[in-house]
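Contents: one structure, followed by commentary.
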Amino acid sequence: MNELVFFINNVVIAGSVSGSIYAIGAVGVTLIFSIMRFAHFAHGDMMTFGAFMVLLLATAFPAAGDAFGVPSALVLLPLAMALTALLAVGIDKAFYKPLRAHGVKPIVLVIGSLGVTLMLQGLIRLFAGTSGQSLYIDDRKEIFRLALPFEGARAPVVITEPQLYLFVITLVAVIGLHVFLSRSRLGKAMRAMSDNPDLAQASGINTNTIVAVTWVIAGGLAAIAGTLLSLDVTFKPDLSFFLLLPIFAAAIVGGVGHPFGAVAGGFVVGFAETLAVFNWSVLLRPFRDSLPSWLLESGNLAFVGTEYKIVVPFFILVVILVWRPTGIFKGKVI
Amino acid sequence: MPLLDARDVHGGYGGMNILNGVDMAIEADEIGVIVGPNGAGKSTMLKAIFGLLNVSQGEILLRGEPIQNLPTNKLVQKGMGFVPQEHNVFPSLTVKENLEMGAFLKPGNVKRMLKQVYEFFPPLHDKRHQPAGELSGGQRQMVAMGRALMAEPSLLLLDEPTAGLSPLYMNQIFEQVKLINSAGVGILMVEQNAKQALAIADRGFVLAAGQNRFTDTGAALLADPEVAKSFLGG
Amino acid sequence: METKRADTVAAQSRFPLREVLLFAAVLLAVLAVYAAMGPAYSTRMLVEAACYAILALGLTIQWGYAGQFNAGVMGFVALGGFCAMFFSFPINPDFWESELPGELGLALLYMIAAVLVVFGATRLDRIGVPKKLRTLLAVILGLVLYLVVVNAFRGVTDQIESRAGFVGGLGLPVGVGWVVGGALAGGVGYFIGRVCLGLRSDYLAIATLGIAEIIKAFLKNSDWLTRGTATVSPLPWPVPGPAEVGFTLARALYLSVTAVMIAAIFFLLSRAYHAPWGRMIRAIRDNEISAAAMGKDINKRRLEIFVLGCILMGIGGAALASFNSMFDPQGYLPLNHTFLVLVMVILGGPGNNLGTIFGAVAVYIIWIMSAPMALYLMDLAMALGAGLGWETPTNMDSRALQARVFVIGLLITLVLRYAPKGLLPEKVRHHG
């Protein structure tokens, strides 16, 4: 039974955590792609920026959360989302819009977004340094240990407070996005523009407004993902390049331009990562008598070491590009 | 005052001029039909009127007000609707959502206009919850026209609305164009099926090489032996 | 007399005033550096700039000639550097005189056998096995055999690390490593290209970014092969080293080697550019649809150019590693080995070889000189700040580095916006 607990802790929970983060990030990437038709490489650093805003705010108001009984970081998250959304709209105005107005190829926008990512990276590290910092300023990270009601299950299932927040907020964000896209006038207009930008314009939809709304949503979601990731571990200013690949892989797996596909893709990538680094020999241990000894000899049956985790999203990316470039939910654009 | 009055319009893509001085005028309750051989600039003229193409010379007046080179959302506000020939629906949106997008600038009108559009195109009511991408070509054309009508335009521009449709749907579309017109919407359409289109036209414009060759009432053009010989296939 | 081609030479500017002025400015800057920093330092800078010029030429044919954006130059540079190390570093007797090479060879044989078995399983449908079953079988076989092979390797590599340190080099001439480095980089480029080049160009950028991080992770963590973070040095030079003839002369000799390489690459590239092959490449870049309509095999041409660019990056990376006389997988950074090269290319003039070389040298001089200058400015600002009673941050060096990251990013966005064709634009006259 302990092996099962081990599996739950290391695969089910860990996979859901990274899956949620990737899902929220990939939704932003896929929305930007469906409206502006380019892969936004600065998304990782927008996430970092959001978390950094929370860090700054939480340092400034360490007691903000006391009234609600939650960490200050969480109370200040909406403010950080607004700031990140503002940044996203500002970046678009300053850097992407002039390029679009020139009618450049999408790949030039990709290069521009790489420039933006370097600028953000430089600025954030200039102010925050490069070391990790906890977003729990004055609060204590609660850890819940749930004992399983089985004979012989001595180890408890461990889940931390920020992980619970992560699951709840991911759920709320995904439902909220669904309602927005399927019910609201602007959300439908976003889908319309993603379907056919020329016709959207001919219908009188102000495409500049839609672009701005897209950045607000993508920026807000990026702030959520970055903050919740930093709450779970620590705020690390140099994560962005390692986040980009799984997020892009998730967006492509789900079918680019398909927000709910991106959510599914995020969980696919997140679970694939944790399953790949999971040491399977632990699960085989109960059957040790009936298995050939060479199988258990090394004691390490992980597919890849944690240092090669980044291979997993890349592998998924290559497989999906070869096997089905439109993604599992048939994205619009390849 | 004419609803639409285009005078001596020149324009084209990049450096190439396709329109070399086109005149075109229709009254508020009229159907205007543009016919002519391939490459004559028929669709280009429609796009020039709808601001999708740079007009280098000449002027286009909507109820006496110059509109050349205005952004399209301004034109929609001023009462113009445009139905492109291809890619004229949002395939992943439902029929109802497609129609709602037409009324994006006038969200208050949605309910009333939806009712009216469903009256014009009864089949759309049954399919209102289906993605438009799953419909047949004729039904898509109805969605496209319905979407343009949602903004209550005074002038509707149709680019080859019957292209690629079966004869059955073709007749249906022509009937609906007449119906829409009788509800007070001015119509300017480009058509390949010149005879059938001119038959319902109040004004006909025969273009060739980016210029007017013949301009008259639809009936007169149909009766003109020279038009028949060179443009209507005898 | 030279015959002029209408499609390649702008008719008006017979005298290349712009080129002359820009190169004169670079020459002036080089002389200023020589005057300020002494010949040994300055020659080193020039050699590195020359190596970067090779990398930039690789990127300029991918981006400038063919419109393919490679966001993972670093990976190909690192592969080149690894080959330079592996082929030229002296043989490690601890490894070769033990039974370990045999075991490593056996593990490699296992790997080849496993690949063959899995490949065979994917062909099972040809003898009547249902496709779904075949896929399932192939996947399961793949997973199991993968685990077996990885474990076999892990055993051997652990042994190598504990008993011999690392595999060591092959003790071959330096040039061999450079050539193989180019070939290996080209091979990886071929794989990436096969996967991505039929798709939107964004996918190529994503995939190259990923493969670069993977290559780096592999080289950094494979201690048995590269000594990982412990680094390998000193690497031999293709010319007499500083110990024999002194710093300045040795570096000058190295510089002449790289200069000859650049001249050769430059000559071959401009021949190719003006040849039918180059025209076809540009036709595809400028109008893919009409090129396809004319019956050109677009993906094949694209693959050729992408692989060619990667080969140049591998060679440049090898030359750079040999010159530094050290292989340090952790030293490969996206900023230094991808984005710096990108700035060189887009600033100099994508698709214009001369402009690219100009961009490489000019940007590298600014890059090298910016570190002392930024530090000086920061010191100045800190002194000012201290006067106003600010708290002085301690880790100045790392902060100056971050300022450079910002500046490179800003440069990229500014050049794209205000000088999208670079300072020396590609001279193409488009026919309608």
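Letters A, B and C mark the chains as written, and numbering starts fresh at 1 in each.
Keep this in mind: a contact is a pair of C-beta atoms (placed from the backbone, for glycine too) under 8 Å apart; a residue touches a chain by one contact, two chains touch by 3 or more.
Fair warning: this is a prediction, and the values are worked out from it, not measured in the lab.
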Measuring from the mean of all protein Cα atoms shown, which chain centre lies nearest?
-> A
Compute the centre of every chain as the mean of its C-alpha atoms, then state which one is farthest from the centre of chain B.
-> C
Report, in whole Å, the distance between the mean C-alpha point of chain A and the mean C-alpha point of chain C.
-> 30
Please work out the Cα centroid separation of chain A and chain B, and write it as a whole number of Å.
-> 46
Let me have the rounded angstrom distance from the C-alpha centre of chain B over to the C-alpha centre of chain C, please.
-> 55
Can you list the residues of chain B that touch 2 or more other chains?
-> none
Touching two or more other chains in chain A are residues none
Which part of chain C faces chain A closely enough to touch in the complex?
-> 67, 69, 71, 143, 146-147, 150-151, 154-155, 195-196, 199-203, 205-207, 209-211, 213-214, 217-218, 220-221, 334-335, 339, 342, 346, 395, 398-399, 402-413, 416-417, 420
Given the complex with chain B, which residues does chain A contribute to the contact?
-> 185, 188-189, 191-192, 194-196, 198-206, 332
Residues on chain B engaged by chain A in the complex (per definition of touch) | 50, 52, 72-73, 76-77, 82, 84, 87-93, 97-98, 100-102, 104-105, 107, 147-148, 151
In the complex, go through chain A and note every residue touching chain C.
-> 38-39, 41, 95, 98-99, 102, 104-108, 110-112, 114-123, 125-126, 129-130, 241-242, 244-245, 248, 252, 297-298, 300-301, 303, 305, 307-308, 310-311, 313-314, 317-318, 321-322, 325, 333-334
